[in-house]
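Each of the next two complexes has subunit A plus one other chain: subunit B in the first, subunit C in the second.
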Partner chain A sequence: MKRFSAIVSCLFLLSIFAPQAFAQNVLKLGIPLPLTGTNAKFGEIEKKSYEIALGEINAKGGIKGKKVVLEFEDSQGKPEVSRSIVERLIDVKKQPVVFGEYSSSCSKAVAAVAEERKIPYMVVTGATDDITQQNYKYVFRMNPTNAYYATGLMSFLKEVVKPKTIAILYESSDFGTSGAEDMVKQAAKVGIKVLVKEQYEKGAVDFKPILSKVKAAKPDVIYMVSYVMDAALLMRQIKELRIDANLYAGGAAGFAIPEFIQNAKEASELVMTATLWSQQIAYPGSREYAEKYKKMYKDYPSYHGAEAYSALYIIKDVLERAKSWKPDDIRAAFKATNMMTAFGPIKFEDKEGYTNQNFMETLVMQVIKGKHETIWPQKYASAKYVYPIPKWRERK
Partner chain B sequence: MKKFLPLIVFALLCIVPFFGLSTYVMHILILVLIWSVIGMGWNILGGYTGQVSFGHAAFFGMGAYAAGLLYQHLGISAWWGLPVCVLILTALSLIVGYICLRLRGAYFALATLALGEICRVAAENLVDFTKGNMGIMLRERTWVDKTWYFYIILLIAAGTYILIKMVMESKLGYYFVAIREDQDAAESLGINTTFYKTISLCISGVLTGIAGAYYMNYMGYIDPSTVFPLSEVSIATVVVVMVGGAATYWGPIVGAVIMVFLAEEIRSIPFIGAAHQTIFGIILILIIMFLPNGIVGDFRKLIKPLSRAKRECHHEFN
Partner chain C sequence: MAQLELFLQTLISGFLLGGLYALIALGMALIMGVMRVINLAHGDFMMIAMYIAYWLFTFFGIDPYVSVFIAAPAMFLFGLGIQKYLLTPVMKVDSILPHNQVILTVGLAMVFSNLATVFFTGDYRSTPVSYASSAWYLTDFWKNSPVELSLSMPWTLSFIIAVMITIALWIFLTKTDTGKSIRATSQDLDAALLMGVNVNWVRMVTFGIGLVLVAVAGCLFLPIYYLYPALGKQFTNIGFVIAVIGGMGSTDGAIIGGLILGIFESMTATYIGMGWAPAGRFSIFVAALVFLPGGVASILRKRRLGK
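And then the complex of A and B:
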């Protein structure tokens, strides 16, 4: 018994001192992500992508010669937990820069902490417009804001579909509400009439009451902003109810991930979605990343994955360019960023009321023969778009 | 000794900011205190008066939104939410109590459950008034440093503790307990049960609402799914009190310590990923199975093996 306890205490001591022995050549970065809860699917895609980037970076010698170790912390999609995580990263672990989080509300919580503590924070996926409209000095955002998510789709509507009316369905979340509001604004600008604008409970099991309303209104375009399961269910019920519109369009997120096609099956055919990235796009490194991800996890990643993958490269770039790893030097390095990533060009600009915001073109994908194909803008297209789309009863 | 315990704990907490703890630890302590206040608030209704509520998120969220909306629409400091929410929540409690407290047992629990959900759906849909799911964000919080936040919530928690102790040692407290033990018997003794249950609900609601208003000031951001959720606030409140011990002064505080600290500790064990929730769930189940009256309620049971060992030691010496 005595020997046993001696061994245990030795192991215990070892576990305390061991990490410090290697600490000099290791850079530990903690990343808050929702690994449980409703957003866990996206957290998982991002975690896998961070790990792919991590493998590549470490294989090439890490960041400034230091081996990178990532520590994922589960924020459960709750802002107060994200806040705890980031307080600890900044205060206890003395991390020089913070990045990560998935949802807009968690990103806001993290942004507030980072700004107060004057530690640079890079938003990776939080899309609500106002995160970068607060004049925050230490908050940078690599993904376009919600207001820009649908610009690609809008130009497709203007040039090809030319609709007169639209129905907007959106989930009750930060992302859903602001996505819908932005669509209303853009539709008003081009003179498209909004016939129906309905919010639904996220994770609902029956959309028929809302969809009957849509059916009665006969809109040209049905635009939906939703997460994973809702997106598939919406399309399945639209098919069941035979609601024929000229175009079914999704506002990224749930419509742009492979699970959408798996869950909605043939109901997903010819559905379009706005997206920030696609696996066919010809940015340097993006196809390699997509293939690698597919080889490891049997599916193509969504744009969330590409963002996470590129995020680590941006952090690497910034940390290597920074004069020192003091917050202000890192902030200056962020400001000077001008690089190409698998996700697209990254540059943090102050314009149109935003600070430290990356602006980029957004794309449109369509499900053609059970696969997401990039169709718009034409210079990035991997397939010709299918329009007009046949009515439900004419389909096989 | 036992008499001075609250004072000792309070004095210790008062000097905590001078230890130079990291802000992370301070954040956790603040969360513990917030949850203690919510737990104590729930306890007066659910523990002492025996009216189990599954809708305390309604009061918490209402308090938070009172503070947030004052800031949003009138442009005054969100700290005004603390006094203002007392009025709003008293009104809400009176209305809710008038309608729901005629119900008993499970029916009352279901009515409160509905109340929480109604509040959430309303906050989500009144976009012009509450900004819906986009939430309310304070442009700048009052302090970056956590010391003052800590003292304010500490004062709120201490005030709550004293208030509850005063209420429970007065005639009012005896009425509450009588209602819990047997409502019909209480009625036949001449206690106006609906009236006293409503008072209990008012105290409970206002305390929870103050915690909500503080939460808005402290976190600087709220949206309906963070302050009105069923599982993360309403149910969590019940669990805090159940784990600590219902109808005890210290139960909610101990429960809050366990719920926040333990959850945080387990969550930060490296490399277990999403398994932390399973582990935490199992621990909660074990506590509730073996200590059905909570840690404080079953404290004797908990220390029995220890005291027995001590006694045996004595025997050996004798």
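And then the complex of A and C:
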């Protein structure tokens, strides 16, 4: 009888406190993202990825026992909208930590607000170098900076290919030009001689004239910075002219997407490209994430998705390690971050003029048997790289 | 030797490219000659033909070269319709601006490229044919050749078909009654009217043939290039530049003009830089207008009279 009354009183107590306890057990996080406007496609990929991570985290008990609720706020890709969203999150909703946004310009606007209000902000996908070069104390960035995109490829060149000369072809746009300039700098650092540096008009039909020039120069490596279709045309015409370099490499973008293989067909075989992340890389959890995404949305996510997915795990890790949820404790926890995510290793460091910047090895993918395989760094490789590559004449 | 190889390879590329350029310009020049209309939707008609060939390839596996026989007649009928229901009525309207039809073609160009974006999205597409990067090599035929030259299979095939179409057009224009009526209308509209030529019918047929030519060009470009809705503008520009170099409305001039531009662009790319190609293209356009207002056609005419 005594036991029975004890249980009843327990139940009674629970029924009184449960709703209150429930309210306390919810952690609401607002995320600014471009859900309309020109960047909406990327906003959507990220939103879906945050939701996948959210489902997994809540299924395992949330963050510090609190159920997480994400509230996506549409910034339309406009920095001023983004800023006002974050001001509201910090001033009205008293959110202890801010993360999200897609473009560099929006991330920059949010970073300024966060620094001013002394609330930690984690940049997820913004890549412009200067976001983390302004000595901001409360701004952390998981995305490698623009200048580091080709580091993985460079280390492969240094350790395996050991080239003496390089030819650089790039499209005459900001993206192409900055990519080419960066490669020139990196090549100078390791003593690779640039034999040909040629820009081309995007959408050109016939690359054979500049390719003939490249052929006459006989470079060890041909490096190309191109968007979607130019990449495929370039490789097709390289095959046609039988330009035998030791290595054909692309600077991400047009070379790193499945469309490249579909369009260049056998001319794409053994071509390498720099990339930040790929769906078959062997980071813990990344393949599971990619497959889950594909099952739900019929397509593999881009690296932006992987970053968003991992971002929520980083936030969970930081909030769980923080002594309290005061901004300075959270900041200290961010500083001490050293974890592995589906996007790769995350650690916020101060070096080379950057503050709180995550430096990670970017990857190299190679097309092997008509599929993009990660080949470098070797510890994350999904397949062994194929090098030296056979001459065109000997290929079947 | 390497320099010679570079030069010859550039020449080959320029020649092949020029042949395809000529085919685009040919249709434009024909329409220009007969109707005194600059068809600024020419490239967009090419885009439509390419989409036809693309979908035939995707759904039925029909090779783009075979699609020529489907896309070209389809575009012919389309051309007849456009001329009959849009261009002819506009011609009758009085307005302050003399070239209503030209403005109409600009409008058509925008409508077509925007509709294509709506229906087919802005995605880049191509037909991954198996022979896309096949080529013949000089050293395969002549073991000890001092230079290595290559000849792309699809480019050469496209070039040969372009030449065949051009010859067919020439036979049509010189040997058939309809062809003769077209040439008569092109040379002197009033005289043709007096001789009992049904000018409206001739205009329809001409516009149709112009579109057939550009449709063929589109099908020939598909295996070596790619496709997206806004592709038209680039090729309208090229066609227009060539038509001016060749002498407005002259079909012979368009063929030579096409080859000139092709070789010029390739040479610029090799010896100056590929980034200069657009600048080079428009500087010979201006040069042709200033120094040779009648285009290549005026030189051809002089030589003929000299004989």
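Observations
Following the convention adopted for this analysis, the second predicted complex is superposed on the first by the 219 of 396 C-alpha atoms of A that agree within 3 Å, B and C clash if a C-alpha of one lies under 4 Å from a C-alpha of the other, contacts with A are read in each partner's own complex, and residues count from 1 in each chain.
FYI, contacts are C-beta pairs under 8 Å (C-beta built on N, C-alpha and C of every residue); 3 or more make two chains touch, one makes a residue touch a chain.
From a predicted model like this one, the values you see are computed outputs, not experimental measurements.
When the two structures are aligned on the shared chain, A:V110 is found in touch with neither subunit B nor subunit C.
By the document's definition of touching, of the two partners only subunit C reaches A:E240; subunit B does not. By the touch criterion defined above, A:E259 lies against subunit C but remains apart from subunit B after alignment on the C-alpha atoms of chain A.
Touch criterion not met for A:M224: it reaches neither subunit B nor subunit C. When the two structures are aligned on the shared chain, A:S172 is found in touch with subunit B and with subunit C. In the superposed model, A:A216 lies in contact with subunit C only, and not with subunit B.
Of the two partner chains placed by superposition, only subunit B is touched by A:T128; subunit C is not. By the touch criterion defined above, A:Q199 reaches both subunit B and subunit C.
Residues 172, 199, 201 of subunit A are contacted both by subunit B in one complex and by subunit C in the other. Considering their complex, residues 35-36, 40, 71-74, 76, 78-81, 83-84, 87-88, 90-92, 105, 108-109, 112, 116-117, 128, 130, 134, 172-174, 176-178, 199, 201 of subunit A touch subunit B.
By the touch rule above, subunit A contacts subunit C in their complex via residues 172, 198-201, 203-210, 212-213, 215-216, 228-229, 232-233, 236-237, 239-242, 259, 262-267.
Within the complex, the subunit B residues that touch subunit A are 22-24, 27-28, 31, 121, 124-125, 127, 132-135, 137, 139, 141, 144, 219-221, 223-226, 232, 264, 267-268, 270, 273-274, 276-277. The part of subunit C that touches subunit A in the complex is made up of residues 2-3, 5-6, 9-10, 13-14, 16-17, 124, 126, 128, 130, 132-135, 137, 148, 150, 152, 221, 224-226, 228, 231, 234, 265-270, 273-275, 277-278.
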